[in-house]
Amino acid sequence: MTSLIDRRMGIFLAGLFVLTVAVPVGNLAFEGKVVPSYIVSLLGKYLCYALLAVALDLVWGFCGILSLGHGAFFALGGYAMGMHLMREIGDRGVYANPNLPDFMVFLSWKELPWFWHGFDNFWFASLMVMLVPGALAFLFGWFAFRSRVTGVYLSIITQAMTYALQLAFFRNEMGFGGNNGLTDFKDVLGFPLQSDSTRAGLFVCTATALAAGLLIARAITTSKLGMILVCIRDAESRTRFMGYRVEGYKLFIFVVSAMMAGVAGALYTPQVGIINPGEFSPANSIEIVIWVALGGRGTLVGAALGAILVALAKTLFTGWFPEFWLFALGGLFILVTLFLPKGVLGLIEDTFARKKKPAPALQEAKA
Amino acid sequence: QDDTIKVGVLHSLSGTMAISETTLKDVMLMLIDEQNKKGGINGKMLEAVVVDPASDWPLFAEKARELIEANGVDVVFGCWTSVSRKSVLPVFEELNSILFYPVQYEGEESQKNVFYTGAAPNQQAIPAVDYLMAEEGVERWVLAGTDYVYPRTTNKILEAYLIGKGVAPEDIMVNYTPFGHSDWQTIVSDIKTFGSAGKKTAVVSTINGDANVPFYKELGNQGVSAEDIPVVAFSVGEEELAGLDTAPLVGHLAAWNYFMSVDTPENAEFIEKWKTFIGDDKRVTNDPMEAHYIGFNMWVKAVEAAGTTDADAVIDALPGIEVPNLTGGTSVMLANHHITKPVLVGEIQDDGQFDVVWETDGLVEGDAWSDFLPESAVLTSDWVELKCGNYNTETKTCGGASN
Amino acid sequence: MLDIREIDVFYGAAQALRGVSMTAHPGRVTSVLGRNGVGKTTLLRAITGRQQIRSGKMDWEGRDLSRLRPEARARAGIAFVPQGREIFPLLTVRENLETGFSLLPRRERRVPDEVFELFPVLAQMLGRRGGDLSGGQQQQLAIGRAMVTRPRLLVLDEPTEGIQPSIIQDIGRAIKYLRGKGDMAIVLVEQYFDFARDLADDFIVLERGQVIRAGTRADMDGDSVRNLLTV
Amino acid sequence: MSVHLLLDSVSRSFDGYKAINDLSLAVDKGELRAVIGPNGAGKTTMMDIITGKTRPDSGGVWWNQTVDLTRIDEAGSARLGIGRKFQKPTVFETHSVEENIALSLKAERSVLATLFHRQTEAEAARITELLALVRLEGDRHRPAADLSHGQKQWLEIGMLLAQDPELLLVDEPAAGMTDAETMRTAELLRSLAGKHTVIVVEHDMEFVRALDCRVTVLHQGHVLTEGSLDHVSANPEVIEVYLGR
Amino acid sequence: MSFLRACLLALLLPLLAAPALAQTAEFDALVTSLPEGSYGERGAVVGAIALTGDPRAEAVLTALLDGTLGVIEATGQVVTLTPAPADALTGAAVEGPAAKIRVNNGLRRDIRAALGILTLADPDPAKRLAAADAAFRAPDAAQYDLLDAAFAREENPAVKSRLAEARAVAILAGDFSDADKREAIDIIADRGDADAQRILTPFAASADLEIAQAATAALTAIQQSRMLWGYAQNIWYGLSLGSVLLLAAIGLAITFGVMGVINMAHGELVMLGAYTTYAVQEAIRQNAPGLFDWSLLIAAPLAFLVAGAVGVAIERGIVRHLYGRALETLLATWGVSLILQQSVRSIFGPNNREVGNPSWMSGSFDVGQMTVTWNRLWILLFALAVFAVLLFVMKRTAVGLQMRAVTQNRPMAASMGIRTNWVDALTFGLGAGIAGLAGVALSQIDNVSPNLGQSYIVDSFMVVVFGGAGNIWGTLAGAFSLGIVNKFLEPYAGAVLAKIIVLVAIILFIQKRPRGLFAVKGRAVEG
């Protein structure tokens, strides 16, 4: 069957590796002159998005589950990590309360709610980063797939899920800092978050996670299981008649994807310094879908590229023409759909293919 | 090294908050323009650097970093929502730059690099409630707000305050709604019912942004008049009213530190300039605009005094700086990085303006840490003497934050 | 009459028809024969405008067909019974039939009686959704639907597929009847050799996208054509 | 011989329309059975019920006299060993012809097994063999979407064989095939009988004759008559509703 | 307050009887001093004006209350501003810039109190009713005689019954006999509303046993009827919330439900409708203020056309190239929505625009104990009308049939001679146009800002899918059931939790019915 690392994956991973080495070195060795510090966390953020896009592509591109709620898994991962970072502040908060995060103190919480326990331990938190989104995905998927909720119905209930979570996390009673979310992080594993070397370290972690995510996704999609996922995408009912329990496959990939999204969120939180319910907003989840569609659905590398491209466009456009950037971004989306049916990756590959060899010779129609 | 002084403007020009923040960006451009006409500062021209954080909180942090690191701005004027401010705080702290924050907020914060030119709760909520109690004889209270930190905190402070003033807990009704709530039928009818208990009732509204228009429309349509149940709002200003037919709302109240209708020469001049700058005779001015006006002038004075835009020097120079505000007084930057402001209570008129019906005797000092919350009553902020934003007066230590 | 000359059709880079020519005349049935995957459906798709031809000529009643969009071809009197039936699944049987009205003048907008005479089951099932019908019923509906438009060229792709023997006979009779009226040309793709031979006035045999045999009914008898269809 | 599949007075209606009406049918192990009947008689619906796609309103469906098929879903019935070819060919369009066959091969169907599956020599050989049988060797690497209608029919037959089921439900296999291929298909199915139980639905009487087996005639969701082809086609009612004169 | 009023009354009563011409000079002086002083001082002046008994007092005070009393700053002359500036005292026309005299809540209350007394004998029954109402709101035993006299001479039944209630309140507030009080309690109890409940509550604990019993019995009855009315109220609120959801979603039921295009720009099309309404109202305000009440009727067809035209442009320019690639329409229409949002922001500015309610859309009326606001009622009717028209078009017309055929199988529809291009454009245009109509209605209850669309898009998709995509009846049922469930939850759970519960309920419901409330069933969809 297909090899684990095909050409496009190879090129992307090689590029990623170069970045992983060059960015921290360029930043640390030259005191930020070659690569300014803010570029490091910016790129780190992009790579988190890329991992999130890969996670979505896994379920959408290969299994046809258009999740409009993947932001929820990302945010949950982010919150799990945020909770740890919050705990790590200890008594250095403004109210100097060693047991409670600031927002709890000033909302007069008397003790730490049960679900905050354990998060002072980094490893526990790291586990939760995957387990919490994974558990939610399992629960949600178990019901939905068993009931054979598909297509737009599934999309919309995933949207309802993330929307409900957004509203819930807004509530101060939930104990997650309400609208402001979790902020004011000081350090992670004892390394101050505001230092360049920590940032570089986080960047390397993110790049590694992305590479690992891509490889895992690729391993899954090139396996027989991956082919069955595509069967489910194209003709779900037919797949059942072949004896495959569709719900099991969907559940598996949905949970894997949710965990991957959770990891992306966990890496995101320390790099942007805040996690708040805005991440649960339906619009955010739609944007993830847009990254994947723009990059090229069902291509993994394309999804990652799409995420990076859109984020980059947003960064540049909001700075270049703050008043009109929506025109540029909106126009970009329209043009890509109209003229690049296979996404940005398709364009890149077509250009290369054209350079390599002239148009493919006319094949014989076989009878 | 540069021959201009760069001023960062960090306000959302798109997304949900653009509705409020775009105006503040324009005000900043106007103020910078004016200053340049006066010859800049210390012989250097000012240059505005505008970016769009698009109502996206993490993007605020990214853009702040970009402004400071990539664009090399010396000061940033920006943010509206608390979460956006929270999001950029670490950036300003790390890169040691200056942020002027122009919006009323829940307090409970004082940071070395941030200057709060909007109202703290004691400069808006408490005086407004005092007015209603004293002048309108209100005994029953509806605290209605959008479900997020500012209303939650403000209502918490108010509840503590009201109960301290002898209001019975059953005479306080607290109600929260989601952002952008647009169906107010049930809540308005609940308010009516709550208000028909025989005691004079008022609504203290911390309803945010877009939700206000449908709220007031529903109030008007269900015939809740200001004479029966006045609503005093902390987030509704001239800009918000510009989107409403105010005829049914006449008499409802707002508490601010500035109203466009205030009759002072400074204000007249400001309004005049604003209308010319924006090229629209119908545009209104509002409280956060004045906050930027004050903040900007304070910063200019501080830079002039320090002779440099170097952040540390300016931060040190700012406390104690006095500039005239638009309501006829002089605002002072306090050691806790908040400013002194008058508190005005205005009634909505049918032309969309507020008529000031009450104001505090003198200027009120912004208090970073509320005296009505037990945990923060013991805290104080002083960046001049104590060099601490959260000094605990009981243990005589500075909380861990400033290391 | 329909006059097709030397047309080439491609799917992407793969050529499905090479220099195919054929004609169809009013009052005559032209059978298109060939094994699986030789390009029969492709030829009909080219006639009805679903697939563009790359070269060659297609004339219908003196007009150049190749530039017309599918609906214009329908309006020019060409009706299509596609392989796979393509019933509008969520429309009722009645509505499926009525989709043919759009190209008729207002007064002629009714379902011809022949349709229900030929396929009585359709009359019983007028209110049911097309997609719920059995395969064979759908096939009957597809033929009936094509007849609603009163075509002058009827293009049928394996109309007997999945249909019970008695109705196959009826369809045969119907095609004969339509041919007998003399104003309709019929192109019939059919695998069921006896049925095709029975009806055909002219025929062509395709093999790998090319016409390997063409002739009239008389040429079809005997084993030579039948042999072309075996592997 | 034991009864392999038993339908015991099964009924099913859709919005009041009785598609299957008190249908009883028994098929022995290794038997080849043809089912004919007018369009809309309920033949496809019967297969839907056997495979768990449609639940009957009443009646029982028994597998090997022990397993109640009405409680089992599509995947479950496939795992029991019931394979099906659909009336309207449905193949996995983006997969290549070869992959379509490979995925159908009899093998462990669990998530983990497929995740770690590696294709064996034997499997590869079997695929080649099947492709040759359905004459799609040349189209091996084409996406199934590109096949013509008849080729998809053949591919489905190939997929069905790859599954190697105990019971084959074959819905109109000869539709869209040339007469010669129709005969070949009949031969193929006959060769399967004995080792496998086969139920074939077809309207082509030549084909049914070539199957040379017991024939069940369905009409309005009910068994009209049963017996050899000659026997049933002599039945005036069958002639009336089905064969025509 | 009430002491002041009592004094005032005591002074007023004889004055009402005596001719008051001598007071003219004093009246003039008082009126001239109206613009000056604090609100408190001016409140006293208002009282004094009423006391003069001058026949012009009512007109001046009414004008002050309505905000049509002004002052020419240069001269201090007090003028009435409508219809044309005229001297408030002499009625002579005057020239010059006049500034409105401002009033605050307290002053307004003073004016109303003063007016109430002045207008109990007004020839206009509406004013008498208002006066009676005012008296009812501010119970005052001292007013008893006055009310009793008014009651005795009143002939209008509506006013009379209100006067009876006002008198009853006055009795309950004063030192009257127990029998009188019991009778008063009965009168109040008949109202059966919140006011009655408020007034009677203290008497349930009265020392007099009979009074206490009467009050308690009345209160229980009131409570029961109020509970029933509460349900009615919730249903009504639910229906009206549902009608808003229906309007927002119904266009989507076409573009998404029928055509299968994930139209993320739907919200922006709604927004365009709202902005069209704004533009129409602006034009009317500038050119023909008299037409204001017609503004919505003018705006509706225009909004349909504007949004419909934009819809057609989107379909022709973009969506047409994407049939068969359903999910990519999401990407492209998201792009369109960003562009539309920003365009509106650039053209109209980022702020809310003012869209007024025509008079027939303002205010409310009471049905029993339930308040029904006119705008909600009209919106409900409008939504139902739009729904009915749409249903008719889709199910009963040839175009509707063609639309459904084209969306189910585009190539086959073309082969049947249907002009698919035209029908596609028309269908999308119809969906978009209906979104525009929704915008007209939403402009009456919500913000008109560039964000308007975003706030409805999630709900709209939710409604369409919950109801069952592809079924217009489903959209109707979905909208109303979500609306009603939401409104029944809200009083118990609060707005935020209610919304969360509804979302979770949708998720659970879809498990039970995986294709929505009005699922399209059968072979066709199950595949």
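Each chain gets a letter, A, B, C, D and E, in the order it is written, and its residues are counted from 1.
We take it that a contact is a pair of C-beta atoms (placed from the backbone, for glycine too) under 8 Å apart; a residue touches a chain by one contact, two chains touch by 3 or more.
In UniProt terms, the chains line up like this: A = Putative high-affinity branched-chain amino acid transport system; C = Branched-chain amino acid transport system ATP-binding protein; E = Inner-membrane translocator.
These numbers come from a predicted model, not from an experiment.
Of all chains in the assembly, those touching chain A and also chain C are D, E. Each step here moves to a touching chain, and the least such steps from chain A to chain B number 1.
Look at the CA centroids: the one farthest from the centroid of chain D belongs to B. Closest to the middle of the protein, by Cα centroid, lies chain A.
A separation of 44 Å divides the Cα centre of chain A from that of chain D. One simple way to say how far apart two chains are is to compare their mean CA positions; for chain C and chain D this gives 29 Å. In chain E, 341-342, 454, 496, 499, 522 are the positions where the chain touches two or more neighbouring chains simultaneously. Under the contact definition stated at the top, the residues of chain C that touch 2 or more other chains are 11, 14, 35, 37-38, 132. Under the contact definition stated at the top, the residues of chain A that touch 2 or more other chains are 167, 170-171, 235, 237, 323, 326, 366.
Interface of chain D with chain A (complex): residues 51, 53, 73-75, 78-79, 84, 86, 90-95, 99, 102-104, 109-111, 114-119, 138-139, 142, 159, 163. Residue ranges on chain A touching chain B, taken from their complex, read 36-38, 41-42, 45, 89-97, 103, 105-108, 167, 170-172, 178-181, 183-185, 193-194, 272-274, 276, 278, 314-315, 318-319, 322-323, 325-326.
The touching residues of chain B, counted against chain E in their complex, run 13-16, 18-19, 22-23, 135-136, 147, 175-178, 180-183, 185-187, 189-190, 192-193, 196-198, 210, 213-214, 217-218, 220-223, 226-227, 230, 239-240, 242-245, 248, 250-251, 253, 347, 349-350, 355, 357.
For chain C in complex with chain E, the residues that touch the partner chain are 48-50, 69-71, 73-75, 79-80, 82, 86, 88-91, 95, 98-103, 129-132, 145, 149.
Chain contact summary for the complex, chain D toward chain C: residues 14, 17, 37-41, 43-44, 87-88, 135, 146-151, 153-154, 172, 175-181, 203-205, 241-245.
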